[in-house]
Amino acid sequence: MAMLHIVNKSPFEKVTFDSCLGHASAGDSILMIEDAAVGAIDGTAFADKLKAAMADKSVYVLAGDLTARGLSEDRIIDGIKTVDYAGFVDLTADNETTQSWL
Amino acid sequence: MKYTVMINEGPYQHQSSDTALQFVRAALEKGHEIFRVFFYHDGVNNGTRLSVPPADDRLLQKEWSELGLEHGLDLVICIAAAQRRGLMDESEAKRQGLDADNIIEGFRISGLGQLIEGGIQSDRTIVFGD
Amino acid sequence: MATKKFMFVNRKAPYGTVYALESLEVVLISAAFDQDVSLAFIDDGVYQITKGQDTTTIGQKNFSKAYKALGDYDISKLYVEKESLAERGLTQDDLMDLVWEDEDDDWAEKSSIIIVSREEMAAIMAEQEVTLSF
Amino acid sequence: MKYTVMINEGPYQHQSSDTALQFVRAALEKGHEIFRVFFYHDGVNNGTRLSVPPADDRLLQKEWSELGLEHGLDLVICIAAAQRRGLMDESEAKRQGLDADNIIEGFRISGLGQLIEGGIQSDRTIVFGD
Amino acid sequence: MATKKFMFVNRKAPYGTVYALESLEVVLISAAFDQDVSLAFIDDGVYQITKGQDTTTIGQKNFSKAYKALGDYDISKLYVEKESLAERGLTQDDLMDLVWEDEDDDWAEKSSIIIVSREEMAAIMAEQEVTLSF
Amino acid sequence: MAMLHIVNKSPFEKVTFDSCLGHASAGDSILMIEDAAVGAIDGTAFADKLKAAMADKSVYVLAGDLTARGLSEDRIIDGIKTVDYAGFVDLTADNETTQSWL
């Protein structure tokens, strides 16, 4: 079963995002919301970890949370897709299960 | 698709209530069913009617209340968490011998079993918290 | 009602925040619904089930003994992550003896604590139908 | 020595209110002066009188209230934070046209200036939060 | 009243939690007390003063413009840590232009943002008399 | 001026403790309370960082927070002193200023 992992913590502040990456399975999807959106940016101390996870997982970011923090979509890592709240809902419907990393 | 949503944080302090509100609105717009929204931990504070934020800020508790009434949502506040934090409806306040209550229209107070039942009955259970 | 695979994921230390206590309250309630329940203890969540907790001076009640009741409610799958223990200098010896009685094996007392690797934990998580995080 | 204490989190959800309570008790026992305790952010929720936790749990809001009354402590709830979160005294509730209030005895509601003044007047300002 | 060195330490991103907004509200009030006020932006706190913040879809008000008022209240020392910016792939160009007017220099407009190293930030913190953290 | 740094976050969960160590000056004191108490234990993935800081800083842990989490005092790093709430108050009085790492 494919799982949607929802992560809402900055990877620079908490280990939650790391823990999420360590427990997600190949074929799963990861959605960054709230403070986790800052993890989508390329050229950060976290970017390489996320790129490695993208080898076998799909990664998404909630666009509104990115722009709220002054980060434009053209700075995110290649291959990460932006979604709005409707897209967030679609992700929860398209994956059989979800897990929130709090 | 049928959803249960759990919210673990109070309004303003963390974004989880905001995000859950936008999520529920988007799900309703797409024609999904919201079986239940369960407010747990500090999430129970989303159900107070005594909030008056600055005029240029959102009033989250009222937005939940109005969304609930408009769509007939089952907005459930966990009774155990509510008792710890001072969120009361009229009958519970009376039962506890308290002189006031503070719940906003559209919410109801019930037990933790409602969360588990939501998980069983729904196709998806989504948790928002800190 | 249908039977689903429920997992309660515990990532936070007890007492510093209320999540451990209120998570345990949900778990105990879930027992009444005859679901396939398991608990995951990862990251700081492993501190929730250490033995010898003593809250005398911090003003909070010590709720660690309530984990011992889980076995009586047929909640017997407590997955604890090996890597999380090791990073914190802990071993299974530091955890409470949490047990259940197997009615299919002449009520033999068995440990509810299952130490798993991160990789095994990921596989167990992948099988769940409802995952509640605290 | 003269102390001001700031508390940024509500009761139960985080340990900060518990720790601050023990700290203030210990400071008083040592003969220090508590100039002010300022409740900010979700910390305002320490001032509700509607809490009824399980009988075997502590009732933090009442412990603050009683400690404050016993030692004449100045327990100040930030008005802006209180308005967002639905913590009201009688006069503020009336002013806002609300039908109930929920503040517990021993607390008062005032402005953020009280925190800065506390920092200026006290020898030490200690922050408890999340 | 006496003048003290007040520092407001901001370590958290805006909007995910309320601390950034309510910290700013305290800072603005502090201006009325004629204290020696400075702000520190370290770790995720640097996101509080990025330019181009747009909260249209998340339902919260955009309060970033209020930082621009700090200069008018003679709050002109906003220390931003270089290492925190770098770790997040940010530079000073990503931050708002926050300025104040120096009355001792013919009201010349000067930047309120002072980029410092972690070591310099530690030294500035060590000089403070009242440190409020959010 | 000597400063007391009060840290209340687990070093395994958040970077707050690291940030505290990175900003404390020689001669300062560090007190671990609440979830930060778990950082006092020897033999963890964090212990070496704290030992390095102890070269020029004094480190304390609130005993009640340690025992609440099932950790006995005989497991803490050599040189860390345990205090009760009265000792916590003394530390705030003995240092000219305090900073809480939240």
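Letters A, B, C, D, E and F mark the chains in the order given here, with residues in each chain numbered from 1 onward.
What we mean here is this: a residue touches a chain if its C-beta (ideal position, glycine included) is under 8 Å from a C-beta of that chain, and two chains touch if they have at least 3 such contacts.
Bear in mind that the values here come from a model prediction, so they are computed numbers and not experimental data.
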item: Those chains which touch chain F and also touch chain B; value: A, C, D, E
item: Farthest chain relative to chain B (centres taken as mean CA coordinates); value: F
item: Interface with more contacting C-beta pairs, comparing A-C to B-C; value: B-C
item: Interface composition of copies chain A and chain F: same or different, split at half; value: same
item: Centroid-based (C-alpha) most distant chain relative to chain A; value: D
item: Euclidean distance of C-alpha centroids - chain E vs chain F, Å; value: 27
item: Chain centre separation (chain C, chain D; CA means) in Å; value: 34
item: Touching two or more other chains - residue numbers and ranges from chain C; value: 11, 15-18, 43, 57-58, 60, 130-131, 133-134
item: In chain B, residues with contacts to at least two other chains; value: 8, 12-13, 15, 19, 22, 41, 57, 80, 125, 127, 129-130
item: In chain F, residues with contacts to at least two other chains; value: 8, 12-13, 15-16, 34-35, 64, 84-85, 97-98, 100, 102
item: Contact pairs between chains, per stated definition; value: A-B, A-C, A-E, A-F, B-C, B-D, B-E, C-D, C-F, D-E, D-F, E-F
item: In the complex with chain B, residue positions of chain D that touch it; value: 10-13, 41-42, 45, 48-54, 57, 61, 80, 83-88, 93, 96, 98, 100-102
item: Interface residues, chain A side, partner chain C - complex; value: 1, 3, 15-16, 19, 22-25, 28, 96-102
item: Residues of chain E touching chain D in the complex; value: 1-2, 4, 6, 18-19, 22, 25-26, 29-30, 32-33, 35, 130-134
item: Residue ranges of chain C touching chain A (in the complex, touch as defined); value: 9, 11, 42-43, 118, 121-123, 125-131, 133-134
item: Chain D-touching residues of chain C, taken from the complex the two chains share; value: 15-18, 57-61
